[in-house]
Every structure is written in C-alpha cells, then in structure tokens.
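Look at the two complexes coming up: subunit A is in both, with subunit B in one and subunit C in the other.
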Partner chain A sequence: MKLTLFRGGVHPPGFKEQSASQGIENAPLPARLYVPLQQHLGAPAQAIVRRGQQVLKGELIGRASGPISAAVHAPTSGTVVAIGKHTAPHPSGLPIETVVIEADGNDTWCELHPCDTPFDLDPDAIAAKVGEAGIVGLGGATFPSAVKLKLKNRNPIHTLIINGGECEPYLTCDDRLMREESVAIVEGVRLMLRALEAQRALVVIEDNKPEAFAAMHAAAEAVSEVEVVQVPSLYPMGSEKQMIETVLGQEVPAGGMSSDLGVVVHNVGTAFAVHRAVRFGEPLIERITTVAGSAIVKPRNLRVRLGTPVEALFAYCGGIKGEPARLLMGGPMMGQVLPNMQVPVVKGSSGILALTAQEVNEQSTANCIRCSRCVRACPVGLVPLEMAGRIRVGDFKGAEAWGLRDCLSCASCSYVCPAHIPLVQFFNHAKGELTARAQADHKAKETRRLAEARSERMERIKAEKAAAAAARKAARAKKAAEEESAAPAGDSETSTEQKETSA
Partner chain B sequence: MKSPAAPAPVTAPHAHAPGGVGEIMWTVILALVPALLFGIYMFGWPTLWLVLITLAATLVGEAFALRLVGRPVGPTLGDGSALLTGILLAMTLPPWAPWWVGVVGGLFAILVGKHIFGGLGNNLFNPAMLGRVMLLIAFPLQLTTWPDIAPLHSAAAPSLAESLAITFGGAAIDGVTGASPLGHIKTALTQGIGVSSSAPEVYSFIDGLFGSLRGSLGETSALLVLLGGLWLLYKKVITWEIPVSMLLAVALPATLLHLVDAERYAGPLFHLTTGALMLGAFFIATDMVTSPSSRLGQIVFGAGCGLLVFIIRTWGGFPEGVAFAVLLMNAATPVIDHYTRPRIYGRDRQGKPLNYDSEKEGRS
Partner chain C sequence: MYAAIVSLTLMGLILGYGLAQAARWFKVEGNPLVEEIDAMLPGSQCGQCGFPGCSPAAEAIASGAAPVTLCPPGGKALAEALAAKLGVTADLGDMEDAGPKLAVVLPELCTGCTRCFKVCPTDAIIGAPKQLHLVIKDACTGCGKCVESCPSESVVLRPIEATLKSWYWPKPQMNLVEVV
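And then the complex of A and B:
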C-alpha cells in the first residue's frame, strides 16, 4: 500500500519494552468499584439505580441521556452503597457523579442476549447493540461509538480505518490485544463494516509492533475486505487526521469531519468491544490498561474492571519505587495527571503511568531562540513559535490568524522545544480563552438583541396605546361634533373641556 | 517566556526530548573550535590575544546587560550564546587587529546587537555581524589590514613581546601585510588585470581549502569550517536548507558568469574557498534567532544571502560581502516568515478549507 506520511511528527523513545512482553492478566476485583456516570464525551449518563439496590454484573446503572452520551453498566455484582461525587480522572480533579458498588464477590452476570449469527443483523441493529453496550472510543477519546457507526446516514462511508497505531510511548494495551485477540478483533471490524455499510477496512499498525502486525495479518488473511497496513512509528500517527493522511493520502478539510471523506476511524480496542457486545451481548465493563513507567516495580497489561481505583493496580504491579515525579492516566504526550490514587479506571484509561523525574525531564523555560524545531515537528503545518509569541502578549486573535484553531494539541512542539517553553499549554489556554470570549460575545449579542426587542416591544405597545387613545379621541371628537352640530351655538366650551379630559 | 496562566496546572506533555538551548550553543562552539585553533596557529600570538579580548568583551557586555535588567547572570552566561557571538566576531576580524577593536566590537555586538532588542532570541540582526560591520565602517583601516600567514614557531612569527606590541602597543605591521585574495583580484580588475592573471598570484585552491591565505580566522581554512558545519548537520543542530541554498546561490551565478567571461569573473571554486563564505553559510546565516522558521523561508533566506554575497563581491565596493548580505537578509526575515508560512493541514495555501468535492474527484 502506498503511504503518504504526514509532515512533522516526533520520535519520543517508546519505552514499550517495559510492558510489551507482558501478556494480558486479569486485575483483581477490588472490594469497591467507583463507576463515574461520565466516562465519555457528551452528556453524562443518568443514574437509574438507588442506594442499597442489588445489581448484577453487566446491569445497566446509568442510561445514556441525549444524542451524544453513553450507557454505564455495573462492572460486577453487588450492592450500590452510594451515589455521589467522587474524584474523577480529569485534570481539574473535580468530583463527578459516581455510582459506588460494593462487590459481593460472586461476579454474577445479569441475563445477556448473545447472538450466534451476528452477520444476519441489519446495520442499525448492530449500531443499536453497540450503543446499548455503552461502547465508546477506547483509544482515549471516548466518543460514543454508536454515534460514529451511524455516520453513514450523514454521508456514505466507504472506508473504516482501525487505529492500531498506539503511538503514545509506554502504552502496549492495543499491542497485546492485537497479539492475543486478533480473530475477535477482525470479527469486530467486520461487524462495524456491516454497521457502516462500508466496503473495506484498513487496520493500521505502527512498525514497532511486528508481532501484533503478524497476528492481525494472519487473522485477516481470509477476509478480503479487511487489510492490515504497517506504517512507520511516528508520533502522532494515532491522530485520526494524520492516520487518514498516511494511509489514504487525503486531508480532512478544515472544520470538517473524516466522514466527509467517507472515512470513519475506530480504535482496535473498540473493535474488540464491539465483537463482545454483538456476539455475546456483553456491555463494556472492563478494558485493557497498561500500567508502566520507570517508577512501577513490575509493569503489566491488565484486564481491569471499570471503576477500579488506580492504587489497586499499582499494588498489583508490585507498587511504586521511590518518589514518582508524575502519575498519569493515558500516555505521556497527551495524558492527564492523576489528582490522587483513588481515581478509578474509566473507559478511556489506556494507561496508568508512574514516571520518574528523569523520564519527565522537566526544566525551567528559557527564551525562544527561534530554532524552528517546533515548526518542523508540527504535523499540521503550524508555526508554534509565532503563535506562542502572540499568546504571550495576550494577542489571541493574532494567534488565531496563525492557525491556532487547527492545532491538534498533540504536544509535539512542546516535546522538542529546547527552551522548554510550554507551547501546547499556551495553545490550550488560548483556545479556551477564545472559546470563552466567543461565548461572552454571543451572550452580549443575545442580551443586546433581547434588550432591543424589549424596547421595540415597549415602543410598539406605547404606539398602539397612543393610536388607540387617538382613535378614541377621534371618535369622541366626532361624537362631540355631531352633538355640536345638533346642539345650539355657545355649547362649544363644554366640548373643549371634554377634549382636554380625554387627552 | 512565562506562562500567562499562573499557577499553571501540570499538563501534557509529560516527556521531553533531551537537550536545551545551552547544548545547541555549546555544540556550535565546539564545531568552530578546530577552525579557530588552526587560525590562531596560523597567525600566532597576536591572534590569541585578540580572540581572548573579544570573548572577554562579549561576556562582560552580557553580564552587564543582564545585571542591568535584573536577570540572573550565571545561567545565561552558561548557555554559551554570548561566547558564541564573541567567537564568531573574533573569527571575522583581521587576526592582528589592535585590542580595542575586539573590545568595541564585542561590546557593540552584545549590547546593541542583542540586548537592545531584549536579549537572547529577540534580536533582529546577527549580533556578531552587526559588530563587524560597525567596525568596518568606523575603522576601515584596522579592519582591512591583513597580515601575512606566520604560523607559530615559524621564522616569520612575531615573538611574544612583539605580539604584545602588535595587539596592545599599536606597533606598525605594514611590512607583513597585504590584500586578501578577494581584495587582490578586485583591485587588479580596476587596474585592468584579468582574474586569470591576478588570482594565481595570491590564491590556489589547495591553499584556500586548507587555509594558508591571508584573511580573518574564519576565512583561512574553508575545509575545517566545512567539516565543523557538516558535523552540525549530522548533530541536527542546523539543517541543510540555509547552507546549501547559500552556497549554491554563490556557486551557480559564479559558474555561469565565469563561463561567459573568465577574465572578468572568478570561478565557483575561488568563491567557495575564499572569504567568509563557508563560515557564513554554516555558522552565521544559520543563526536561528535571525533566520526564517519555515523550510521554504530558510531556502529563500539562504539563496538571498548567497546572491547578495556574489553581487557584493562581483560588483560592490567591498571585496567581501558576507556580513552585509546576512544583515540585509536578517532585515527581510520577518517578511520572508510572513510569506512562507507552511500550508495548514486541511486548508489550501490561502488558508481556506479544502473543498470536499474536489477531494472526492481527486479520489475517483
């Protein structure tokens, strides 16, 4: 297959050897699971259980609300002991609505609805099952998968890209899944193809995962519509737009979606979850998570129930050596700092990392020397040094004119900056600021519009009143004139008085 | 650069490529050391004094300016940027120039060339070249007095005492000076002597390559400068765009005109191995602060530098034009940056979103 590699990109050391050789193991079931009702992009799920209620493994506990939302299920059987705020894996560290389940230890499934002939289902039924199972993008973006499977209604889809790039350092969960569950993944891919009514699927794997490539290649050999493609290891290959550019040679138009090109991208983990959901009726209650970083005693790949506090995973991996400089959820390039160790694993937790100071390599910032390494690293073609220069002086509009809105926040620029300038942090800040300003602007405009409408209304009412009064006056004057003409002369004084009172 | 949002939350990325600003500067310095040492060897003690004085002047200037604006002096001096400016300036001065040339040039380069603009990263012009051009205009005699090659321990070399007299005592050195090869052929042309007869008197390719010709330290061994530059390319401290386009922009017109009229125009090898062209292409024009940031911009910039060098050498009033060429192109850098912005993903060159329909047509 002809590849058109995207511009720029960086080669951070992979550190994948820490965990790549570790086969997927089941993480122990903790005594209590903290299941957030928002583990996806979009509206939070609505809790449908109450305190004290017994739930079975796989039972719906949070219903999707609104068009972009995802259902949440009980990861094990037990009792709902609390529904309330718990720290969530989010940089703000703010608590979100969480269902706390005390495991009864039996791990009893609720009634599932498997399907032995999933390929006889019609496309919308597959998408519906995926939606019911609460599946979201497991690469970390956590966009509800069912919504993406219905994109064919907007624009015909011809190609499904399965993202097995896993370009973030340390993470090997997709690598392991592809090595161990290749057949199941290929079935998931075929089900998604059917749901999308697309013609072909490309499973894209970086060349630093030869075993995964071999396994997937073997599993897809007999399936003509699924092709497995090896691409160079280059961050951010896992970014949807950059992957499309690499394998299809096309760019998603600015402001558009990949489906505008007839392409949809899903993660390999999502394909596996689709297989489990459609064939076995299993909702998404667990995922594979890489626990790694040089501060972890024994890095591993774990099959983790959603809601498991990360400290349980650290404990299972032999604990933490020394003082870790940073605890992360996700990869080091785009992951988030964990506010504490009680944070639960959620649908988007591809990795839990404990990094040493040496790995983080944080240094104080120096002046920009315009070395333009950021320009060469940017996969989008932006000039980060120019944007940062403008943001530094508060010129957000100027930064926007240099393409701020097209920034992916992939952090390649920050990664290479020899002056250690927090470039991507600048851009995220400025994007937030611009959005806030746009909202404030919109609010001001809306307020002005409403105020203008009100004064117009008041004017109109006043005018109507005046018109009515004038009409009344005219009617009276007419009446008076009639009376006057009927009455004898000298009666005019009364009519003048009448006029005054009526006015 | 300080983050506008304080206190900044700890956000991605949580990994960073090795190296820093200091490492870049020190690598460039290291790449210059062979040519610098060779030059000192070729011109003897007075050169060593001049280099040391120039370096001291830039470092003192840097420390003074930093103290003035209340920034920490130690770490910034340690990043090597002022030292690099000093080395580059010293390498473009006549090797036996008096001490005050180094002092005035070094202070001017750092204070006016760099700190007036706000210090490291903010200067529009290459500080070392600004220092050199100021000296050339203010002190044309001292800046165009080129001593003969007199390697240390050779018979022609000045003794330690003589060297002190040359550098600090203003001793006359008329007997042992002459024109640089570029100056010589220029003068000869005005006297109606063609290049084919004037050039061989002062120049041979081998001498130019290995560095036994009159000139500044950076003009002596083109080979050592080239090797240093190639090493920087290998270390990925500089990229190929500026050196290659600059050298080509000198070599191509030189070849062309030489073919047309060999008596009037010197050939490409003469141009490449004389003067400060090699130093300019690999170490001066590639100054990151004062050159464009996009690949295309760098090619335009390098080509502009090269063309200007060729034009000044061939038709200008000065025999050599690297410093002028680089400064002129420095002034053009913001404009080049503006017009050579890379195309953004999903947009055309004008910044408009790509058209879906044309994309689809392209596919079918």
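And then the complex of A and C:
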C-alpha cells in the first residue's frame, strides 16, 4: 500500500519494553468500585439505581441521556452503597457524580443476550447493541461509538480505519490486545463494517509492533474486506486526521470531520468491545490498561474493571518506588494529570503512568529563540511560536487567527522546543478561555434579549393600561354626556305624561 | 483665460467630490463609543452601579465620569474588556470579584410571595402565588435585585461552581531563567 506520511511529527523514545513483554493479566477485583456516570464525551448518564440496591454484574446503572451520551453498567455484582461526588480522574481534581458499588465477591452476571449469528443482524441493530453496551472510543477520546456507527446516515462511509497506532510512549495495551485477541478483533471489525455498510477496513499498526502486525495479519488473511497495514512509527500517528492522511493520502479539511471524506476511525480496543457486546451481549465493564512508568515496580498490562481505584492497580504491580513526580492517565504526550491515587479507572484509561522526577524532566523556561523547531514538528502545519506569543499577552483572538482551533494539543511542539516553553499548555489554556468567552458572550446576548423583551412588555402593559384607563374615562364621559342629553328627554316624556294625565 | 477657468472648475469639482465622499465615509452618528460600551454591558438595567440603567452607565464610562470597574455582574472580565476598549489601565485589585454569581431560591424559606419574579430584569425566575419559586440558571445575570426584594431572605447569590465542563487549564507560568 502506498503511504503518504503527514508533515512534522516527532520520535519520542517509546519506553514500551517495560510492559510490552507482559501478557494481559486480570487485575484483582477491589472491595469497592467507584463508577463515574460520565466516562465519555457528551451528556452524563442518568443514575437509575438507588442506594442500598443490589446489582448484578453487567446491569445497567446509568442510562444514556440525549443523543450524545453513553450507558454505564455495574462492573461486578454487589450493593450500591452511595451515589454522590467522588474525585474525577481529571487534572482539576473536581468531583463527579459517581456510583459506589461494594462488591459481594460472587461476580454474578445479570442475564445476557448473546447472538450466535451476529452477521444476520441488520446494520442498525448492531449499532443499537453497541449503544446499549455503553461502548465509547477506547483509544482515549471516549466518543460514544454507536453515534459514530450511525454516521452513514449523514454521509455514505466507504472505509473504516481501525487505529492500532498506539503512538504514545509507554502504552502497550492495544499491542497486547492485538497479539492475544486478533481473531476477536477481526470479527469486531467486520461487525462494524456491517453496521457502517462500508466496503473495506484498514487496520493500521505502527512498525514498532511487529508481533501485533503478524497476529493481525494472520487473523485477517482469509477476510477479503479487512486489510492490515504497517506504517512508520511517528508521533502522532494515532491522531485520526494524521492516520487518514498517511494511509489514504487525503487531508481532512480544517474544521471538517473524517466522515465528510467517507471515512470513520475506530480504535482496536473498541473493535474488541464491539465483538464482546454483539456476540456475547456483554456491556463494557472492563478494559485493558497499561500500568507503567519508572516509579512502578513491575509494569504490566491489566484487564481492569471500570471503577477500580488506581492505587489498587499500583499495589498489584508491586507498588511504587519512591515518590512519583507525576501520575498520568493516558500517555505522557497527551495524557491527563491525575490529582491522586484514589481516582478510578474509566473507559478512556488506556494507561496509568507513575513517572519519576527524572522522567518528567521539568526544566526551566527560557525565551523563544525563534529556531522554528516547533513549526517543523507541528503535524498540522501551525506556527506554535506565534500562537504562544499571542496567548502570553492575552491576545486570544490573534492566536485563533493563527489557527489555534486546528491544534490537536499533541504536544509535539513542546517536546522539541529547546527553550522548554510550555507551548501546548498555552494552547490548552487558550482553547478553554475561548470556549468560556464564547459561552459568556452567548449568555450576555441572550440575557440582553430577555431584558429588552421584558422592558418592551412592561412598556406595552403600561400603554395598554393607559389606553384602558383612557377608554374607561372616555366611556364614562360618554355615558355622562348621554345621561345629560337623556335627562331633558326624560323630562319632556314625563311632562308629556303629565300633560296626558292632566289632559 | 479659458485654461484657467477650466482647470479651476475641474479642481473645484474633483475636490468637492472628494469632500462629499469623505463626509460619507467618515460619517459619525451620535457617539459610537457610548453605543459600543452599551452593547458590552449586561443590559439587565439592574442599577447596581448607581445609574438608572445600562445606557446612562455607558455614557458615564465613555465620558470618564465612572470607572470601568463599576459593573458588578460584569465582573473583572467586563472591566478588563472596557479598559482595553478605552485604552485605560484599570486597577482590578480593588474590585471585589468573587467571579460570576447566580441567584438561588432557598426552598425551605420561600413563601411564594411572587415579589422576586416581578423585579427580575431578565425574567429568570419562575413562580406563582404560594408556590416555590425557581431561578433559571441560564437566564440569571446575578444582578441581585431579587435578593433585595425578598421579604423572607430566601434568595441568595452564590458563586457559580466550577464543574468538569467549565474547568480549563490556567495560564502556564513562564519561569524564565536569566540568560547571560
């Protein structure tokens, strides 16, 4: 296959050897699971359980609310002991609505609805099953998968790309999954193809995972519509638009979506989850997570129930050496900083990293020397130094004009900057600031409209009252006038009567 | 002589046309600054600034009679925007801005007297006689008129809580090293 590599990109050291050689193991079931109701992009799920309620493994505990949302299921059987706020696995450390389940240790499944002939299902039925199972993009983006499987209704889809890039350092969960579950993944891919009514699927794997490539290649050998493609290892290959450019040679326009080109991208982990959901009726209650970083005694790949506290995983991996300088969820380039070790593993947790100070390698910042390394590294073709310069002085609109909205927050620019300028941190801040300002602006406009509508209404009511008063006054005046004019007539009548009687 | 007449007439025509065009191009209607500032203010006419409404406040700001920090519902963000518009430096340190606030009706105290929803400039309160009143968050500007109007002190202003949806990264610190 002819490849057209995207521009820019960087080659961070992989550090994958730590965990890639370890087969997937089951993490122990903790005593309590903390299951957030929002583990996906979109609206949070609505809790449908009460405190004290018994739940079975796989039972629905949070219903999807709205068109972009995902269902949440009980990861094991037990009792709901609380529904309330628990710290989210998010850098802000803010609380999030969470269902706490005390495991009863029996791990009893609820009634499942397996399907022995999944390829007889019609496309919408597959998408519906995926939606019921609460599956979201397991690469870390956590966009509800069923919504993506229905994109064909907007625009016909011809190609499904399965992202096995795993370009972030340290992470090996997709690598291990492809090595161990290649047949299941290929079935998941075929089910997604059917749901999308697409013609072909490309499984894209970076060349630093030869074993995974071989396994997937063997599994897809007999399936004509699934092709396995090896691509060079270049960060950020796993980014949707960069991957499409590499294998299809087409660029997704700025601000556009890949489905506009007739392409949809899903992660390998998602394909596996789709297979489990459609064939066995299993909802998404566990995922493979890489636990790595130099502060971890024995890095591993674990099959983890969602809601397991991070510290339980560390304990299973031999504990932590010394004081970790940084805890991360996801990879070191785009991952989220974790506020503490009590936060739970969620659907998007591809990795949990505990990094030492040496790995974090915090350096003091110098002024920009305009070396343009960031420009060469940017896979989108932006000019990071110009954007950062503007954001530094608060000129967010200026940064936007330099293309801030197209920035992937991939951190390639920060990685190469010799002055250690926190470029991507500037961009993340500015994106948040712009969104907040847009919302505030919108609210100001709307409240202004409301205020104007109200004063107009008040004026109108006043005018109506005045008009009514005037009308009443006029009516009274008229009546008085009528009475006045009627009085002489009456007098004359009586006088005629009088006359008549007198006559 | 003809040459002089023609050239002077031509000059007169051309310059006159130029002036006419300039008058059209640079036409000023009222004081545009006041209008622009008025558009930036919340428009809820809450009167917390001491002026009878947003337009008089805008005039005062434009003429320099009032500081850019006068609008409590607008908060620091508005003060900053106004300062940038007028090219002045504002001392925001003095401005006690606990961030934007929203009104909340305390259900255990509300008697359903309907006074608050009658004064709300943005119709952000719904209620009926002897019914619990409710504030529509999206329409509330936090102007505080309802707080003053409530006889049972059941309306309070509370700072808007940060949520995962509204949170975003703060501006990174540039700890510059001395380069010698």
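A few remarks follow.
Please note the rule applied: the second predicted complex is superposed on the first by the 446 of 503 C-alpha atoms of A that agree within 3 Å, B and C clash if a C-alpha of one lies under 4 Å from a C-alpha of the other, contacts with A are read in each partner's own complex, and residues count from 1 in each chain.
Throughout what follows, a residue touches a chain if its C-beta (ideal position, glycine included) is under 8 Å from a C-beta of that chain, and two chains touch if they have at least 3 such contacts.
Please read all numbers here as calculations on a predicted model, not as lab measurements.
Of the two partner chains, subunit B and subunit C are each touched by A:Ala366. In the superposition on chain A, A:Glu245 makes contact with subunit B only, not with subunit C. Using the contact criterion defined above for the overlaid structures, shared-chain residue A:Leu94 touches subunit C, although it does not reach subunit B.
In the superposition on chain A, A:Glu311 contacts neither subunit B nor subunit C. After overlaying the two complexes on the shared chain, residue contacts for A:Leu328 are found with subunit B alone; subunit C is out of touch. Residues 91, 365-367, 391-392, 421-422, 425-426, 428-429 of subunit A lie in contact with subunit B in one complex and with subunit C in the other. For subunit A in complex with subunit C, the touching residues are 38, 88, 90-92, 94, 96, 364-367, 391-392, 421-422, 425-426, 428-429, 431-433, 435-437, 440, 443-444, 446-448, 450-455. Those residues of subunit B that touch subunit A in the shared complex are 1-5, 8-21, 23-24, 79, 81, 119-122, 239, 288-295, 298, 337, 341-347, 351, 353-356, 359-360, 362-363. The part of subunit A that touches subunit B in the complex is made up of residues 6-7, 10, 12, 91, 169, 241, 245, 250-256, 260-262, 326, 328, 330, 332-337, 353, 355, 359-363, 365-372, 375-376, 378-383, 385-386, 388, 391-392, 394, 402-403, 406, 411, 414-416, 418-422, 424-426, 428-429. In the complex of the two chains, the subunit C residues touching subunit A come out as 42-45, 77, 121-124, 138-141, 162-164, 166-172, 174-177, 179.
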